[in-house]
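In order of appearance the chains are A, B, C and D, and numbering begins at 1 in each one.
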Amino acid sequence: MSTPLRVTVWNEYVHERTSDAVAKIYPQGIHSAVADAIRQHLGSGVSVRTATLDEPDHGLTEEVLAATDVLTWWGHAAHERVEDAVVERVQRRVWAGMGLVVLHSAHNSKIFRRLMGTSCMLRWREAGERERLWIVDPSHPIVAGLEDECFELEHTEMYGEFFDIPPPDEIVFISWFEGGEVFRSGCTFRRGKGKIFYFRPGHETFPIYHDANVRRVIANGVAWAAPTGCRYFGEGRNIPEPLSPIAGEHVVDESLHRAK
Amino acid sequence: MSTPLRVTVWNEYVHERTSDAVAKIYPQGIHSAVADAIRQHLGSGVSVRTATLDEPDHGLTEEVLAATDVLTWWGHAAHERVEDAVVERVQRRVWAGMGLVVLHSAHNSKIFRRLMGTSCMLRWREAGERERLWIVDPSHPIVAGLEDECFELEHTEMYGEFFDIPPPDEIVFISWFEGGEVFRSGCTFRRGKGKIFYFRPGHETFPIYHDANVRRVIANGVAWAAPTGCRYFGEGRNIPEPLSPIAGEHVVDESLHRAK
Amino acid sequence: MSTPLRVTVWNEYVHERTSDAVAKIYPQGIHSAVADAIRQHLGSGVSVRTATLDEPDHGLTEEVLAATDVLTWWGHAAHERVEDAVVERVQRRVWAGMGLVVLHSAHNSKIFRRLMGTSCMLRWREAGERERLWIVDPSHPIVAGLEDECFELEHTEMYGEFFDIPPPDEIVFISWFEGGEVFRSGCTFRRGKGKIFYFRPGHETFPIYHDANVRRVIANGVAWAAPTGCRYFGEGRNIPEPLSPIAGEHVVDESLHRAK
Amino acid sequence: MSTPLRVTVWNEYVHERTSDAVAKIYPQGIHSAVADAIRQHLGSGVSVRTATLDEPDHGLTEEVLAATDVLTWWGHAAHERVEDAVVERVQRRVWAGMGLVVLHSAHNSKIFRRLMGTSCMLRWREAGERERLWIVDPSHPIVAGLEDECFELEHTEMYGEFFDIPPPDEIVFISWFEGGEVFRSGCTFRRGKGKIFYFRPGHETFPIYHDANVRRVIANGVAWAAPTGCRYFGEGRNIPEPLSPIAGEHVVDESLHRAK
């Protein structure tokens, strides 16, 4: 494809400005680290912008979303401050084909919970323990380029099962934690024309988004979530005539599929 | 099991009181026909009550839901009149293990859309055309007792693809329509501890809920959606100690899983 | 159901007769322990017999299989000694609706590999290490009666990912191992009208089949795998006439679906 | 990617040489039409060769397979003439990452049946009737470029449910047939590192592989089935040390994962 993939990296950008410890790890904000990872791996194939909570419309106006092929989402402390109108706008844009990469504590974001229909609850513990992410789908493009059958993060926040999500369409990684838990760490879902990748690693006080493997997986996830699929939905109606001469009319409830 | 399965049959109960044509087919309301079908097949194994839109809390108080193992839902004209607080109450009860059987036009109900995370849009046409429901999972308990590989309904409202739902956990039936469409007519989903069965047939102006095969499938769906699973979720925390002596604490985000 | 579920417990029965250590744990053979577990939980609802490698036809004649609703399979040292004709007989019986519960090292049995279509390879280590089985589908009947969100086995053989199976229809348990691995420990699959449950725990030198939770899950798995579904397949043809008057004939390639 | 995708198009090439009717539609053989479709859409990104039944090793030597990224398969009259040794070679190559696109009557090929583990039976009728393929996963790259929500083939052989395959990982198309049947016409599966796409359309006496939409979908399927995923499997062992100092050894049962 000659036109670059248009990526918007969203970050609530709260911890980095209120905690010295976090600011030391992510001096430009977590969004900068995530954006760098995507640029590092996808290069000229991608055009990346960032958006944060404090901007008008959280930086996610209709115009920005209409010009976004894949959105990545990081939030933790301020899920409730995200306006419902923006959440609904993002949801409709996902339905119309925009990819969504949901990172770490964004499991509890409004947008992820609305798209899943579940509580998205999980177990957690902050103990800086070791995590191993095992590949359970070696065929998946999201693990492209990984050298081994698993990779390790030395100090992480633990997330454990039961992770209250719908059964994922695909499970790509399962994590092992030193303290005794497991977690479905890389999961994909489809909603409408949009593809969603949830990826567990990340935290504000561990330098997870500087890890080489994590950065590659995020970039792979963005590439995988890029819009593909047919042209139909959202480009207006195009309904074939019925084969048999049947009275009545074809109607499609598709007001929600207008964009894209 | 010696205690009967507690089933609540919900119906918006609008068409039957405003249209003579509908009243002729369902003189006691669609809920009565659905409740009869369940009693017919599950007999003494089931205790069935009904609830409708006009009752206080739409008949779905905390007490009623706490005493409901499986809820069936029919709605069409009045989805928007269902209060959000009740919808959220039902959703949490599904997460805690209550089964949900969603019938026909309830594809567009608030509760189904919230649990799916998608628009749940579809194509439709009222032409009284022929439908064939083909079994595509012959191993499933929901098709127990069906004699043939498909069954027919002579006059139906057409529902066609694309049906905007998440990829179902299981597809049990696919419908063929005389006018040229197909539809995933019997689909299962899990959300939390709750099981959900969407079943397409039904309409207010066709006597679909008097059809022998439809009645059997609805009863099978109720039996399948009955709560099963482990005791843990919702009965409070019960977290094993970590194996390794790790500083920090186990915390579970489970406020949403209290009931049941 | 008034007629009891007919279960056949198969065991290659080699280790128990060649090793004192194994004989001490399973003096009557692993099949006796498995059969006991099933009887303990399913009581009068079940009629259990056993069969072993050294019997004629490995104890799995056409007559035995025709009178078996669910077959459980344990093998380890002698997979290659199972005759292909018997394997094919079992496979066709699964297609026709017989349930199959595959235990531990039977991941590498001929029958499991034929039904999966993959190598079924995995990582393993005998170190007597601790295992935790986490429930990742709390709604599933296979976890009915379990008290907690996970259960532990103190000394086990490790099985680790990548477990080369097709993506399971349902993942019920994921195991955590002390040495650093994870494993999809409880998985379901459907093949034709038959349901298959793979359950990891077990080993000839650890008393796994005396563990209360393991015994319950095996019994649950047997109950879940019991034949359900429609009557059609295997009871001969029953093909509806085409709706439109189309020249040509309906033919079904169903020679393989005769039994049951 | 700068190196082109290496595609091998396999055809049993029997009908075209024994029937004038077939030869008129496919004068160079069905493989030529399929190869052309792939070249038409993937252009310089692909390098296509063909192989047929009558060649030594059916044209599928170890060398050819080692140099094949995606294999397409068409067979109908001569499934039994394909040697088991070649079938096993293809199966292992799929496990190691080669994509496989299975066309029409190859549902009954040895290779597809071995990879599925089921009978792969279906209903069929030759009546030259109309088929509509409805898109049920609009997000999928396999439907990229299709203009409408369905496409039609005017004269086809009917394939109907129940199609005895494992529940597919993804269902992309569902077909409607004029005579009253439905069929899961576009299905994906993963086996090991390999991706498999089954696509129904095609027949020796209908010019299906000259249809613009069918040609596009086949090319999309080839692109989708291209090897992706991690580097590990098949490039030798690379096992991380256990975290805890545990006696015993890590062993991997991976003799089957050597190639690629």
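Here is the rule we go by: contacts are C-beta pairs under 8 Å (C-beta built on N, C-alpha and C of every residue); 3 or more make two chains touch, one makes a residue touch a chain.
Since we're looking at a predicted model, the values are computed, not measured.
Visitor: What chains do chain A and chain C have as common neighbours?
Guide: Output, common partners of chain A and chain C: B, D.
Visitor: Based on mean C-alpha positions, I'd like to know which chain lies farthest from chain B.
Guide: D
Visitor: Per the centroid of Cα atoms for each chain, what is the distance between chain A and chain D, given in Å?
Guide: 31
Visitor: Could you please state the distance in Å, as a whole number, between where the Cα atoms of chain B are centred and where those of chain D are centred?
Guide: 37
Visitor: Can you give the whole-Å distance between the Cα centres of chain C and chain D?
Guide: Between these chains, centre-to-centre, one finds 30 Å.
Visitor: Which residue numbers or ranges of chain D touch two or more of the other chains?
Guide: 132, 135, 137-138, 149-150, 162, 167, 169-170, 178, 180, 190, 192, 233, 239-240, 243
Visitor: Okay, in this complex, where on chain A does chain B touch?
Guide: Per the stated touch rule, the residues are 91, 95, 108, 114-119, 121-129, 162, 164, 166-167, 169, 178-180, 189-192, 233, 239-240, 242-244, 246-257.
Visitor: Which residues, counting only chain A, touch chain C once they are in their complex?
Guide: My answer: residues 132, 134-138, 149-150, 160-163, 167, 170-171, 174-177, 180-182, 184.
Visitor: Would you mind writing out the residues of chain C in touch with chain B in their complex?
Guide: Contacts found on chain C: 97, 130, 132, 135, 137-141, 143-150, 152, 169-170, 178, 190, 192-195, 227-233, 238-240, 243.
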